[in-house]
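One structure coming up, written as structure tokens, with questions to follow.
By letter and in written order, the chains are A, B, C and D; residue numbering begins at 1 in each of them.
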Amino acid sequence: MMKFTELRREAYEANMEIEKQKLAIYTFGNASAFDPEAGVFAIKPSGVPYAELSPQAMVLVDLDGKVVEGDLRPSSDTPTHAVLYREFSGVLGITHTHSPYGVAWAQACEAVPIYGTTHADHLTEDIPCTEVMRDEAIRNNYEIETGNQIVQAFRGLNPLEIEMVLVACHGPFAWGKSAWKSVYNAAVLEEIAKMAWLTRILRPGTPRLKESLKRKHYDRKHGKDAYYGQA
Amino acid sequence: MMKFTELRREAYEANMEIEKQKLAIYTFGNASAFDPEAGVFAIKPSGVPYAELSPQAMVLVDLDGKVVEGDLRPSSDTPTHAVLYREFSGVLGITHTHSPYGVAWAQACEAVPIYGTTHADHLTEDIPCTEVMRDEAIRNNYEIETGNQIVQAFRGLNPLEIEMVLVACHGPFAWGKSAWKSVYNAAVLEEIAKMAWLTRILRPGTPRLKESLKRKHYDRKHGKDAYYGQA
Amino acid sequence: MMKFTELRREAYEANMEIEKQKLAIYTFGNASAFDPEAGVFAIKPSGVPYAELSPQAMVLVDLDGKVVEGDLRPSSDTPTHAVLYREFSGVLGITHTHSPYGVAWAQACEAVPIYGTTHADHLTEDIPCTEVMRDEAIRNNYEIETGNQIVQAFRGLNPLEIEMVLVACHGPFAWGKSAWKSVYNAAVLEEIAKMAWLTRILRPGTPRLKESLKRKHYDRKHGKDAYYGQA
Amino acid sequence: MMKFTELRREAYEANMEIEKQKLAIYTFGNASAFDPEAGVFAIKPSGVPYAELSPQAMVLVDLDGKVVEGDLRPSSDTPTHAVLYREFSGVLGITHTHSPYGVAWAQACEAVPIYGTTHADHLTEDIPCTEVMRDEAIRNNYEIETGNQIVQAFRGLNPLEIEMVLVACHGPFAWGKSAWKSVYNAAVLEEIAKMAWLTRILRPGTPRLKESLKRKHYDRKHGKDAYYGQA
């Protein structure tokens, strides 16, 4: 029970950070925090404005998407979160936003090209964009299929190295080793997406960052001899 | 009398939200709240800065645009509000803004194309743009004719499903089942208009969202089996 | 003396509004308030950050640009203000900013085209842009010549109807019937310049607003039968 | 010891200004303050969010990049700062940011063209952009080589007159006669970069500011007969 108290608090704080970082307005967007031992995650209730949230309002859900604890209906995107927790082992937090530059690339159905070191500080590939969902999948179980689309986009990619994605025609999902880290990654996605948008419009033929710079920046933060941050 | 107290308060809070959401500067923009039983709406006084508003400053007006109660002159756009309350049954609040991305599409005389699910969460069509008003109508009764232009743009469209419009060369009007909902819709309009602007500039040929995704997103929030929000 | 106390306060409040409306960063920009009977205006001291301003810090200057009262050196743009107060009878406040959209049009040496009613609510012409100053004038007395350039750009235009201008390669000046009104006009200029920028990029061939709409919007706020605002 | 207390405080305040001016999010960016007599500079610790900084958390480092005092690991960009303090005599503060418009020009590998007087108030040349680093240099000692790239870009330029640079594919560095002045210059860089971006997109062929205007604006602030600011 105390464990869930902490999990609710983590999810609550991540959700509040979505609004603070201006990654969504009103009730748009949602974040969750996962407890892998209990097989349970805490997520934003559906359609509730950020100003009305509290740790107690978070809904606890298992990996089948069933409510375990909580009076409110969970986010309509809950099944997408459940798929990602099941498939991306090691992920402990997920954030979904409608931040405008991320959405613009998603609506253009284009991956965000890696143009500079701000991007490479976080990942060495373009921010992937899923395929547009087929009509059959949309009619089937839309939110589960959204998770499946993301999983499919990560065939051959490591979700612990690339902690963000664009769902085509929709918008950003990000994740990480905590709920807080997932919303941090959602904010980074928006910042990188904005920089890439400004770069593309300024000079349409800008080439991608070269391999040596990508590796250098990623490895100094995330490689085995990383020297960024405190030990 | 107490009913009007409440109506003034609703109109006041919606007007203050216009400024809080940065949908207009200084005295631009206005919101109103309608009481259909009394046939009266409360609206912002003309030319008064947001910082100086109070519930008491709201002006009560009937559907002929005549002042029923209040010391101040009502918004110059009052006759437009009156036309919409008369013609769009079920609408209980209206907001007019000069938000910059909405204005940009209006000045370009172009509907905001539906490019993604953020848009489809709220309406399944482009945000309509009226015709440019004819000179005769401008000379006639401009603010009433602005309402007429909007009504005309909704021939064949349902104003309870599409709760927003661009008046060509002018800017956004939004409405809803409460004054608060109308300003929410005005903020959504600006957010969608910004995302569409960024998408169009990034990839000029971006196609509209396909039918199946439009229906899915709209229906999960607004359809008969809607599962977004709290019951 | 009390008169100047009031004049200093007006100038101070207008300067603080420059920062509040984000029309300039750090020490950029300046505002002044004019007392036509005394032939004196109060202006921001040169190079002092907004956070360090006070009514007492304002410098009192006559129309020859000579300091009448005050311990600090006045804004380096003081001679430009003096020219405008001398030449534009009826102007009681002037604001100069470096707001980014206004500067962009000024750097492109292009007037801001009148695309919509937000613009026409304030003026019925494009926001004028001066000629680029000739080298001889630059070597002569630059700040006085900046004023002269503005006066020249207004040959045939009424500065009490068009209360704003772009100085080519430089940025915006705005004025009005009070210091406060001048900074209001500087904020309006930036908002209109942003809307026009977004419109131009969205649809490069957008035509100017037609005559009937220009007149209607301007006259309902400023014409002899104006019905905007409180009587 | 008291001297270092002051140095830490200066570095701390400059770092906090990075966040206040929105020049970087979360842990991005860093600022340092240099004491040339002691041959020591105080710099932000690596990977610590701005909200958690304090004067005590600043790390003291000598010009070989060795930690002199402090419990935390210094910014990973410390060797770049050390190179610049060694090579650019007279510089007493350095700021590195990831501000979006500055990054956009850096990712496009293009100097920011001098289009107007806001730019010329601070420098009379384009904001230089370094060469893209060679693979060998990246493998060698990346952060030292970043400093070397900057020094190389300043062959024939005076770093006391041009106090800012873009590192290609990376982002802005700025410096000045104090830590505070360096972050001021970083904010100016972003403002100028934004204005230039807006100008370029509005009118792609915009010519650079002419020589006479460049000299006039720079000299009135920085020349021997400067008359901007207080004596």
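We adopt the following convention: a residue touches a chain if its C-beta (ideal position, glycine included) is under 8 Å from a C-beta of that chain, and two chains touch if they have at least 3 such contacts.
If you want to know which protein each chain is, UniProt gives these names: A, B, C, D = L-ribulose-5-phosphate 4-epimerase.
This structure is a prediction, so every number in the text was calculated from the model and none was measured.
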By that same contact rule, can you tell me which chains touch chain B and chain D alike?
A, C
So which chain is the furthest away from chain A, centre to centre on CA atoms?
C
Given that chain A and chain B are copies and touch, would you call their interface same or different according to whether over half of its residue numbers are shared?
different
Fit chain A to chain D (C-alpha, same chain sequence): the rotation, rounded to steps of 5 degrees, is 90
So, in whole Å, the Cα centroid of chain B is separated from that of chain C by 32
Could you grab the centroid distance between chain A and chain C? Build each centroid from C-alpha atoms only and quote it in angstrom.
46
Mind pulling the chain D residues that touch 2 or more other chains?
201
Hey, how would you classify the chain contact layout here, line, ring, star, complete or other?
ring
What are all the chain pairs that meet the touch criterion?
A-B, A-D, B-C, C-D
Using the touch definition from the top, list the residues of chain A that touch chain B in their complex.
25-28, 45-48, 72-73, 76, 98, 100-101, 103-110, 132-133, 135, 138-139, 142, 169-171, 197, 200-201
Report the residues of chain A in contact with chain D in the complex, numbered from low to high.
21, 115-118, 184, 187-188, 191, 194-196, 198-199, 201-203, 206, 209-210, 212-213, 216, 220, 227-231
